[in-house]
Amino acid sequence: MRSFARLAVILSLFTIMTFLTSLRFKTQKVIFFGDSITQAGAKPGGYIVKMREALTQKGITDYDLVGAGIGGNKIYDLYLRMEDDVLSQKPDVVFIWVGVNDVWHKASFGTGTDPDKFEKFYTAIINKMLDQHIRVILCTPAVIGERTDFTNQQDGDLNAYSQIIRNLAQKWHCGLVDLREIFHSYELKNNPGNKESGILTVDRVHLTEAGNQLVADKMLEALTSK
Amino acid sequence: MRSFARLAVILSLFTIMTFLTSLRFKTQKVIFFGDSITQAGAKPGGYIVKMREALTQKGITDYDLVGAGIGGNKIYDLYLRMEDDVLSQKPDVVFIWVGVNDVWHKASFGTGTDPDKFEKFYTAIINKMLDQHIRVILCTPAVIGERTDFTNQQDGDLNAYSQIIRNLAQKWHCGLVDLREIFHSYELKNNPGNKESGILTVDRVHLTEAGNQLVADKMLEALTSK
Amino acid sequence: MRSFARLAVILSLFTIMTFLTSLRFKTQKVIFFGDSITQAGAKPGGYIVKMREALTQKGITDYDLVGAGIGGNKIYDLYLRMEDDVLSQKPDVVFIWVGVNDVWHKASFGTGTDPDKFEKFYTAIINKMLDQHIRVILCTPAVIGERTDFTNQQDGDLNAYSQIIRNLAQKWHCGLVDLREIFHSYELKNNPGNKESGILTVDRVHLTEAGNQLVADKMLEALTSK
Amino acid sequence: MRSFARLAVILSLFTIMTFLTSLRFKTQKVIFFGDSITQAGAKPGGYIVKMREALTQKGITDYDLVGAGIGGNKIYDLYLRMEDDVLSQKPDVVFIWVGVNDVWHKASFGTGTDPDKFEKFYTAIINKMLDQHIRVILCTPAVIGERTDFTNQQDGDLNAYSQIIRNLAQKWHCGLVDLREIFHSYELKNNPGNKESGILTVDRVHLTEAGNQLVADKMLEALTSK
């Protein structure tokens, strides 16, 4: 009987350890779904790489970060490739960061996104992901031009589309990284000269080292704060 | 036994007649899926009403014509409401007539449709309908401006998007009413003054009585020529 | 000799009175040079008519107010018609109120005004008027949409082009009625619901009775405060 | 008296020779006034350099060819810099080649040129030059995209603005190099594959070696055919 009891104890411990190990080492796949900013984010110095490095430094091995950004993408493009590039990859978490081209392409190609369509296709993406029990974290578009006094041409639309995204995050209980707000606060402190670029962006849109760092910090916070 | 044979004959005849009757009177539901031109087409004097009248005059009762046009619609809008407004209605035939706003909204709102997205969403609509064994008939966008020398602002895009539609019709074995071509041929004969409007359109886009008649004739031909 | 002295006194008095009378009754021609908002401003209930009524009520007869607004005008249009509609009329004062279409036509026709060209043609107009010793009063474009949180599509550009105008007013020592600022302050107090229109505008751009009153008050202040 | 007669003859001959020499060697200053295509035209391999080389080869030294093209220029820009860059240089001949950006910037910046303004500012430039007795030669915009079936996005506008220029050339008795027509004819023969670029342009707009040669040939013909 004793040996049986011992066996039972050993087996129990083994089971518990296995369980704990699985808990400890269950890696979460995190996909970053977006445009050229995210495409660059997956390259050396980019915000996704910086997040990976920060996790390693902290000894956290729970996350597998995967970039899925394509230059020029609007909400329609995300919708069209969501099956192939996200859902079929079975992610646990998805960051959606889109909106700059939806606004920008109005002036630069005449093919921007109507606000009502932006909301409808964004909603469709969120719902597909929620169907798969993916944790979805929405991000507002940061900037097209870094001037702090709302004199950048697209400021009105960026503010409006960011509000659509904030409302969607609330409605569907998604996470939110409000990069529009975060960048604006940062610029108020760090852009006293009201410059168009050079602080968080190299060209009014794409991120400098400081820009990538700021995004990495805030996304990491959102990812691990759950 | 004789009475049984008689009964059998009667029953057979009855079955055959029922079958023939059903053949004869099986009404086909035809949905016209489009924008403001189709919305107007369902009103008195509109091309759908004219088609209905022509069918009645010919004593053809096989078709139930239903308008499903909404002003300002682009391919994205058709995609979003295709389930509610078309598929759920179980149509036998669908005419798709869209494209003017996809091109026009580039200049008038900055929210026109990129050609690659036009093709992709159009393809998705066609495939959903073919899944339901619907007979699909595509129509090219007619005109934005009636000048015959290709000096209307959107002529380049209208020609290009019409070509996309022609290619889709061929690829997916759909019917085609090439209104772009039909209108151009008509204008070459009937618009010697190279006028912007007043022949087939009242305002460069929406149809005059002659415009509605021309569309009705050509669509009826496509519908009944199968 | 006495009669001569008397004559001298009488003549002197007459001269002085004539001079004073001329001072008193020298009417100043004031031209309002602008777009559809100014065109409407010259109609019953419009801001120019309201200014005229306010002057009459105060018994001030010094000003002859003349509307010179044409719908859809941009800075280019003002430049092209400045000779015929303003300079040849020999005005004493000119209010220039333009900018809404320069910004708006970017999205609605693709033919808005580049900021550098806006500044250059505006400068050319100012200089032509200063050459004729006209008192020039510049006005910033008020609003395209009344939302107070800078989510109106054109807010970025309206802020930027207003800044160009403020800089021009300072550089060339012109008067300034900063309607962009005046409207924004008013909306912050009177538009708690963040509505798009209905407070100072009927349609996001053209003025309500309250809008015309606000503009009339501020322009009158600028005109008479010299 | 004889010696006087001889002197008279010699002097007469000298005068005549001087006159003939002046006729022969009076160099005409020719300015090419335009956009980036003309800016590139003044560089090695460009159409202006090719014209210079062709003249040298033929031993013609009558012309001094001067490039005055600036990238991105529209009719407004030519108007603003015509005094400094053309009139003050006292040219004998001016080629004006503009229009591509007036059309293109509609879609790429929202700041294209309205057709009525294009005509008015173009007219103002022509009249300033005619005032100075300059020989003015107008050129129509060639292409934005080389497809031959009028499916290039801007074909409608390019056709329309070219027609405005043709009408101006006729009205003001200017020369005309109808590059729109010339390129279209060339493409019909040399672009059987209906390609977007690679025949006369490297990028749908700027000229290949063949493009520069074609323009040089046609402009030289116009210049020397007077």
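Think of it as A, B, C and D in the order they're written, each chain with its own count starting at 1.
Everything that follows uses one rule, which is that a contact is a pair of C-beta atoms (placed from the backbone, for glycine too) under 8 Å apart; a residue touches a chain by one contact, two chains touch by 3 or more.
Worth saying up front: this structure is predicted, and the values here are computed from it rather than measured.
**Student:** Check the residue numbers that chain B and chain C use where they touch, and answer same if over half are used by both copies, otherwise different.
**Tutor:** Because over half of the interface numbers appear in both copies, chain C and chain B meet with the same residues.
**Student:** Would you mind pulling out the distance in Å between where the CA atoms of chain B average out and where those of chain C do?
**Tutor:** Taking the average C-alpha coordinate of chain B and of chain C, the gap between them is 52 Å.
**Student:** Using mean CA coordinates as chain centres, what's the gap between chain B and chain D in Å?
**Tutor:** Measuring from centre to centre gives 48 Å for this pair.
**Student:** What whole-Å value do you get for the distance between chain A and chain B if each is reduced to the mean of its CA atoms?
**Tutor:** Once rounded, the distance between the two centres reads 42 Å.
**Student:** List, in ascending order, every residue of chain C touching at least 2 other chains.
**Tutor:** Residues 106-107, 109-110 of chain C touch two or more partner chains.
**Student:** Is the chain-to-chain touch network here best called a line, a ring, a star, complete, or other?
**Tutor:** Graph shape, chains as nodes and touching pairs as edges: complete.
**Student:** In the complex, go through chain D and note every residue touching chain C.
**Tutor:** Within the complex, chain D contacts chain C at residues 76-77, 80, 105-107, 109-114, 117, 120-121.
**Student:** For a test of understanding, state which residues of chain D touch chain A in their complex under the given definition.
**Tutor:** Where chain D meets chain A, its residues are 106-110.
**Student:** Quick one: which bits of chain C touch chain A in the complex? Just the residue numbers, please.
**Tutor:** Result: residues 106-107, 110, 145, 149-157, 159-160, 163 of chain C touch chain A.
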